[in-house]
Structure formats: structure tokens, C-alpha cells
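We just call them A, B, C and D in the order they show up, numbering each chain from 1.
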């Protein structure tokens, strides 16, 4: 399992090749051969929005749905969530857009065939089909669970032709009524999976981790934190993650993530749209106060 | 000769019906029936630029090229002069744009048939064909002079089918080599015109006024001052104009103009992209100092 | 559910809705009335008026900036006597509620302007409040803006207060260009201001890179528009917080700075504003004072909030 | 014609071009180096570093605003010892010229950080100048930002100056959130700063209107981006004018605030900046530090101006 954190990031002006509705989402295909050649599942791209006269400076991030290194195309799935995404959903074929990528650490893929369960919530399904394919190519058995609030916000149920698929919706408009995590324990048991991958809203990722952990299943989750730069220079996209050394750090989800081992994420610090700094985090105000206190004690002795 | 300063201003979202190149300019036709019904030559419209995500707040002003109250269309001619106009020149049929109008005081039109000379410089030609028609409909003889730096920046030479036309370019790429004002004295003499109308850059308007004045010819000029609001509320678009009472005031070119009697404009205050406040202007620092001085003298007596 | 948009400016001044025009961004009413009825606007704030007619500065008087603009008008206007003779009767004739903004080059001039205004026949019927624009230069103090100095700010208020009946509240308009705006707020309130308007423009400069000289005739200009909204929200927040903490006298705040939508107006309200002015946004959309009020009502309706006034400063509780 | 883009920061520090990164907008180099060679940037300004590792604040740490953004990072970083051990050697290894930004919660901490930096084995080879970020809170003085107070500003400089060889100029970084920035500039220069960096961010707040609470975890944030450029130009202009008039000591100014294009860089230069930093624009276009330098060169070439350094402050002459 390797990462690409040190690899080249490409900044390109990409032509939109196709743009079409997909339920409540917009499915966009653009030409970015450098990105298509380098990207792996779990990585994302960042698009500039609003064109030349834009008052929106920050880029918007999107999981890569899939790439085709042969044709040089990159695909994303976009929900209209605000002014930036609205601008993107109005792009039509022939227009150009500034794209940065591939960004972030991809999902780690096992070297040996391993049974896996993949879970996608809403547009979080987008990268799962490509990931499924990569895993299957490695000989892994893959089960896929897609969930959403409603059928219209379910992405890609039609794309899962080669993967056993379970669908859930909150309102029962498609598949099983309930959460995407509901069928997870049963699936893990029946498939004997030891690996899970999830992409979707934070509460879902937390729930996936909570189901997997007691069963000894590793859960890799792709988080979605508000990002200003996407390339690791601004420090806005952090969340508390426990390192290999057991120390919690505020880690940048754009370069150290967006994929993390769910067991290492300090979920209890994340609530209600906010992330607090755990008291034992490296360099937290609490830990610095303790440090200074200890230093003072030391010097007074 | 009446003005429309008190009339209703319409703020509409207008569909672009047609957009095409015209030399270096872009000729735009949009649907705005309220504006088309009310507008008269010399008035202008103000367009919002950049769409929903725009960081450009201020509207851009354009002389109305012509209107068709029957079809409800309004036409303008746009030079790519910066980010706002660039955005406008990229509009295509089917898109929508926010338009405000009709704005400003139209050219005054004589009640009696009167021989006139019309002069347009660069895109300043745009309103002249419509004005010519209105004057001809009143029985006026009309001569038209169009000038520009180069042939590509000459607008509408092909539109002057019913008007005697003289063309000038600075570089001689079309018509007479020289300034649009060069043929003016001769034309005034031969046609016996007592009225001139001009639209174009400030130095041209000043020159037209200077040629006309000694000959007793009234020159109405449409000025182009930098405007923030276009509707008379911000006070950015002023220039010093002598009123009927002989007093100079900093007058708003968007509601008291853009058409002014050239003889009333204090051209000497306008130079090098700046307009100074004449010392004898109402409320100028100099005149207020004099006022205070007089008051002090009065009270000391 | 009907939403009650009434805004309470204190001293019995209730406005039918909390969305006002900002001084200098709507002239004195006639021009905007060509687009819609200004009597429907919460209150119409007039262009700051001085004693004598003012030519204002030379041009360029403005520069567009990213999501904002610089202006350097120089308070062009008719002077208080012409204002009282022409503008006030017109505002009355259309049934507008006016908040009259006054200015001066000396504290005595402020008082003189206030006196002439209060003496106007249309004063009682038309003027809901007076805005004292102390964010303008004090000629006696090296041209330093009054509101950059607590003592100068207080002096203006002390001279104006006796000229104005207590039923017509005085709002001091503050500049954000200070190290601590709560100090100026306190000075103005302690000297008798019954409310505050925040913020005026930020001082800015634009260079014409072609001509390699300052773009504005008057060199400096005031920065306004959505670009400055975070600064306006911060100023309102700080002063409201100081009031809650009892560090300065409590009084209503009128918020202004970068408001373009109903949501923006809500933002300033939640930070502590009892009413909100729309300025530069008018140049983008001259119907914005009416639109913002409508959007604000729609927002409250959609969220099931029955009374606007209940939202003032509410973000301080969460 | 070849254009000479050399920027002169005084004390013999010449940079091959005047376009730098802004502290905190480019981390410590590794990340941006994935896009292009940071050794080609005029100088790489590192994220402000304190003595100890810093977790920074909780999130949200940013809010997008019209043509700008608010940030509230809380100086997250490795601490000076890890910086000296890992970041500085890396910067040296790629041949970058670094300007190291230092910060502290007390003036003593600033001095301690400077001392550790100067003692680093890679210091001489890599550090062209030090930026003293006094636009951060002074814990001893109720969390008031040093650069809001002339005395605190001077104290930091007085303690840092003796730690640093004179051949490594110290640039004090100022906040625009003051009534008169020339007073702070004078305090910093008189206390030994050899240059000034202007401006840091403006204090702002954003309210989350859905949740009706402040959007940022840390309540206030710093406003940056093109939205604030007119304020940066004004601050540079005022300080440069005060230097020309002999009211404060003369020293080079590094301009920062809203630069996105070569023309923006030229604007700050004409106002008085000897070099220019690119900050928030990097988030929009991570190649902007390189692009802005290229555009600036092209602009000068197109206008037949052979030397960048001849343009510094030129708008004051017209």
C-alpha cells in the first residue's frame, strides 16, 4: 500500500467533453490526460469556479468518479450545493474549466486478494465503481452498498453491473428502507470481508468505522472537510488523526487524506459541523499548558 | 425638446436574441419590450456583468444602437475594453442578461425641419443611425460623418443607406485619412446645418463643439463618463456644466446627460482622463472659501 | 404564518421593515422612486448633507475593485437649506420615512445643520431619525476623520444632541478604520447618541497602472460592497458584545456594509443589528432595497421565525 | 529588451524577481514544489513558526467571502526546532531562498525563535531575511495583537534585533487594523526593523445563518484576497509617503494583500513596495507565484521599462 503524496500535481485547463444529469446530480466528463494517467481511486480534483469575472476564489473539490488513461478523460459527479457547484452543474460540452489534480492519498489497495465491502452515500458512491474494478482486478471479492436519502440522490445503481449490489434509501424510494450502514454487519459476516471502504457524509463514515472495528475489519474512509487550497498549503481541512506513533495530530485531509484508516480518526471530536482539537493532540492549547507547567516545575526544582 | 428624466426606469432580465461580430465590435440584440417601447436616441442601457458568481458589481453602460418597439428588441454595440465588456462580448443567443433602461436624457430633436450633421466616433456611431432616422422622419436633412482609428473600429458604414455619408479613419484604412471632425466645417457650410450631434471620445466631442460654436451651430454631444450606478444616485459620473442660470454645477451625466449642449460643458476642466472642479463651480472649495471670507467680512463690519 | 418584519430603532421609532438605504447610495429619493415606491422601504437614508452646497471632488470619483468599489465623491450636495426646501417636502409628498444623514467640517457645522433640519416644516412628519456621519474629515483636526478619535466623536454628538428632540433618535455613523471600534462607540453613546450605524467605508487607494498615478482624483477613496461584509459583521459583533457585557451603554445598531441579499441582512442582524442598510448593492441592482426585504421575509417564513426583532444579536447566544 | 526584475530588499539582499509567497499561504515549500520549482520564486516566505508545535484551532477554519476569504488557522505548525531540523534543510536542498516568518505569544518567545533559527546550520545558506509576524496576539496584553500597539511592536523588535546578524534584514509584518499605520511603522523601524511587510489580514467575522452562530470555530478570522487589495495599496502608500516626507525612517516595504496578477503586483510596487507577496491567490491558482512574476516581466517589457526597481513608489511622483 503506497501513497502519492509526493507526486506531481497538474494544473490544467480542461475541456468539458460531456455533461449530463444523473438523478439529482450532474455527471461531467472532461479531458485532462495528465490527471487521467496518474489518478487512482479515492483521489480528487479541484475545480476553479465562476470563470474570469468570478468573485469565488476558492476551488471546489470532487472525488474522481473514474478516469480513462486511454482517452485522457476524467469524470466527476456533482451535487448542486451552492453557488460554486451550481456554476459547475451549468457547464456544457465545449466549455473549459481549470482543474487541479490528482490530489490526495488514494484508497490503499491490498496486495493479496481480500474480500471487501464498499459503501457509498449519496455522491460518495462516485469513486466506488472504479475502486471496485481495481480491487476485482487484484482478485478481491467485492460487495457494494449504495445509499442515499432518496432515489434521486442515489448515484450509479446502474453502473454496478459486475458487483453484487445492495441499495438503501432513507425514504424507501429505492432498495431497502434505512441507512447505508444497516446491511453492513450482515454483509461483512456473509462475505468474510476484512476490509471496508466508504465515502459519504461524516456521520456515515463514523458509523461504518464503528461497525467494522469490533469485527476486526479495517475501514478506510474518504472524508469531506471544507478545503481552501486542496494541495496542503493552507491548513484549513484538518481533522484529528492518530499517527503510527500513537500521537494525535491535526492532519490535512487534502494531502494526508482524504482517505484515512477510520480507526485512526478521532470521531468524538467531530460533531455538529465542527471539529474540536482534542486535549491530547500535539500542540493543543491543553498540551502546551501542561508542557509549560512541567517546564516550570522542572526549573523550580 | 423634452426630457424623460422623470420617467420610469425598467430593470429586466433580457434574453439575448442575436450576437454577432461587427468589425472589432460585438453587435447584440436582446428582448426588452418595456425598454424598446420607451427609449429614444441618445439614451443608454446598463448591463450587469459576470453572472451569479461575479466579482464585478458595477453595471456597464452602452448607448442604445436602436430599438424596435414592435418586436420589443433593443440593440447595442460593444467594444471589448476590459473584463466586463469581454464578458458581454461572449454572450450568445439564448443566454440572459440583466438590463436597466432606458437611462439618461435623449438627444433633443427639433420640432421644425432643420438641417443637421451627425458625427460618430468608433462605437459612438451606434446611436447615430437611429437618430438620423428620427430626424429624417421630422423632415430634417441629415449628413452623417463616421470616424474611427481604423476600418475595423468603424461601426455601421453599411447601415447608412439612406443618409449621405462621409467616412474618416486615422490610418486611412477607410474613407478620408484624418479625424472625424476634419470634414465638419465644410459639411456645415454646404448643408447649412444649424444643429450637430456627436457621440464618441471626449476629445472628439470637444473638437466638435469648438468647430460648431463660432459658426453659431448648436452641438449636442453624448459624453462617456465612468459610471457606477447609471441612475443618478451615486454622483460618480459628473462633469462641470453651465446651467440656464449661468451657474456651473458638477452635473451627473447619467441623468442630466449623457447628452449635453456642448456649449455648456466646461471642456477646459477635462483633460488627461480627469475632470477638475472649476473654481467658480457651485459649492467648489474655492467658491466656499470666498463665501466664508465674505461672511467673515460682513460680520466684521 | 405571517412574518412580522417590524424593526425597532428605540425611542418609539418602529419601521415596517428593517431594510433601509445607505447614505450616499440612493441620493435623496427621486431617482430610485423611478424604479419602485420608496415609501415601501423600511426607511430612506438620505445623502449626508452639509451646511452649504458642495461641488464634491473632481473625477475619477470611483474605481471598481473585486466585489466592491472605491468612491471619493466628496459629499456633493445641495446644502441643508436647499435640502429642507426641496428634498424633504418631496420625501414627505411620497410618504417616505426619512433618516437624514448630516455632516460637517466642524462640530459647530453639524449642530447648525441639525438645527436647520429640525426647524423644517416637514421635519416631524417625515424624519424618523438622524444619522450623524462622523466618518468624515474634521478640518480643525488636520482633516482627521471624527470617528477615528473618541474626543472628536463625542464633541460632535454633544453639540448636536441639544438641537434635536429626544423622540428623533440620533445614530452616530462609525468608521471601521480604527484600532478599537468599541472605544469610539462608547464615546458617541456617552455623549448622547441614541444608536450607532456601522460601518462606513474602509480607506483604500487604487493606482492606475497605465498612467502610473493614483486613479482617483481625490487620491483615497472609501471601500464598500460585499468585499467588506466580514468587516462590517465583525464591527457589529464587537460593539454588540461590548453592550451585552455591560462595557458600553446599550443602544440599537443599524448594520451596513456589503449587504446584497436577504441572507446578508440576516447575517448582520444575527451579529447584533436592529436594522440593515443596503448601499453599493443598489448600483448592481437598483431594486435591491425592496428585494432584500422580500428575501428576508421569505427566509424567516421558510424557517418558521415569526418576528424579525427576535433575531437581533441571536448568534451571540449560540 | 531584457527586463531586469531584481528586487532590492536592502542590506545587500537582492532577489532575482520581486514575487514572493505570503506566509501561511504556501506552507513550507514541499507541497508547492509538486507544481513547479520553488527555487525560481523570488523568495519563499514560510508559515509563521512559534517555539513549540502548534495544533492550531478547531474547524471550520475558513469561510469563503466575496473575492476573498476568512481564515482562522491558529498558526498550526511544527515549532522552530522541527522547522530547523526538517524544513530548512529541505528548502536548502532544492536551492530555495527563504524568508522565515516567526511568531510568538510573548516578545521573549519571538527572540527565542529567532535565536534557534539563526543557530541553524542551514541559516546562512538559505535564509535571506526574517519576517517578524507581529500581527499575532500578545498573550500578556489581553491577547491584543502586537502590531495594534506601538509599544508592544517596538518591544518585540528590540528583543529580536540582537539575535540576528545585520546582514539578514528583519521585516516587521503589520496589520491594517489600526487607526494610523504610520505610527506602528515608525515604532517597528525605530526599534530596529530593517523593513516592513504590509499587510496582514483584516479582522472579520462570518455568521452561519442556518445555524445562527459564528461560522468559524475561532469566531474571528483574517480577511484576505483581492477584496482587500485597495486597503493594502493604501497602507503601503501611507507608509511610503511618510518615509518620503521624512516623518518616519526610510526602509524597504514588502507589499502583500490581494495580489493575483502581474498588474496587481505592479500596483503595489507603484505605491511603494520593493517586492510583492502572493497569498490567497495561490488557493485559486497554485501556479500564481510563478505566473505573477512572468506577467510582471511581460508588462514591463511591453511598456519598455528595463528595470523593476525603478518603479518602486513611482506613483507618488505623478
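Just so we're on the same page, a residue touches a chain if its C-beta (ideal position, glycine included) is under 8 Å from a C-beta of that chain, and two chains touch if they have at least 3 such contacts.
These numbers come from a predicted model, not from an experiment.
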Notebook entry, point to check: Which chain maximises the distance between its CA centroid and that of chain C?
Noted result: A
Next item on the list: Any chance you could check whether A-D or A-C wins on number of contacting C-beta pairs?
Entry: A-D
Notebook entry, point to check: Counting in whole Å, what is the centre-to-centre distance of chain A and chain B, each centre being its mean C-alpha position?
Noted result: 56
Checklist line | Centre-to-centre distance between chain D and chain A (centres being mean Cα positions), rounded to whole Å | finding: 34
Checklist line | Interchain centroid distance [CA atoms averaged], chain C/chain D, Å | finding: 34
Item checked: Distance from chain C to chain A - Cα centre to Cα centre, in angstrom -> 46
Margin query: Quick check on chain B: which residues sit in contact with 2+ other chains?
Written below: 55-56
Notebook entry, point to check: If you look at chain C, which of its residues touch at least two other chains?
Noted result: 66-68, 211, 225-226
Margin query: Is the chain-to-chain touch network here best called a line, a ring, a star, complete, or other?
Written below: complete
Note to self: Residue numbers of chain D touching chain A in their complex, please.
What the structure shows: 24-27, 30-32, 34-35, 47, 52-62, 64, 66-69, 71, 73, 76-77, 79, 208, 211, 217, 225-226, 280-287
Check: Can you list the residues on chain B that touch chain A in the complex?
Finding: 49-56, 83-84, 86-87
Margin query: Which residues of chain D touch chain C once you look at their complex with the stated criterion?
Written below: 63, 65-68, 70, 148, 177-180, 202-207, 209, 211-214, 220-221, 223, 225-231, 233-234, 237, 258, 263, 266-267, 270-271, 299, 311, 314-315, 318
Note to self: Quick check: in the complex, which residue numbers of chain D touch chain B?
What the structure shows: 66-67, 226
Next item on the list: Spell out the part of chain B that touches chain C in their complex, as residue ranges.
Entry: 6-9, 11, 48, 55-59, 98, 100, 225-226, 228-239, 249-250, 255, 269, 272-277, 281-285, 287-288, 291
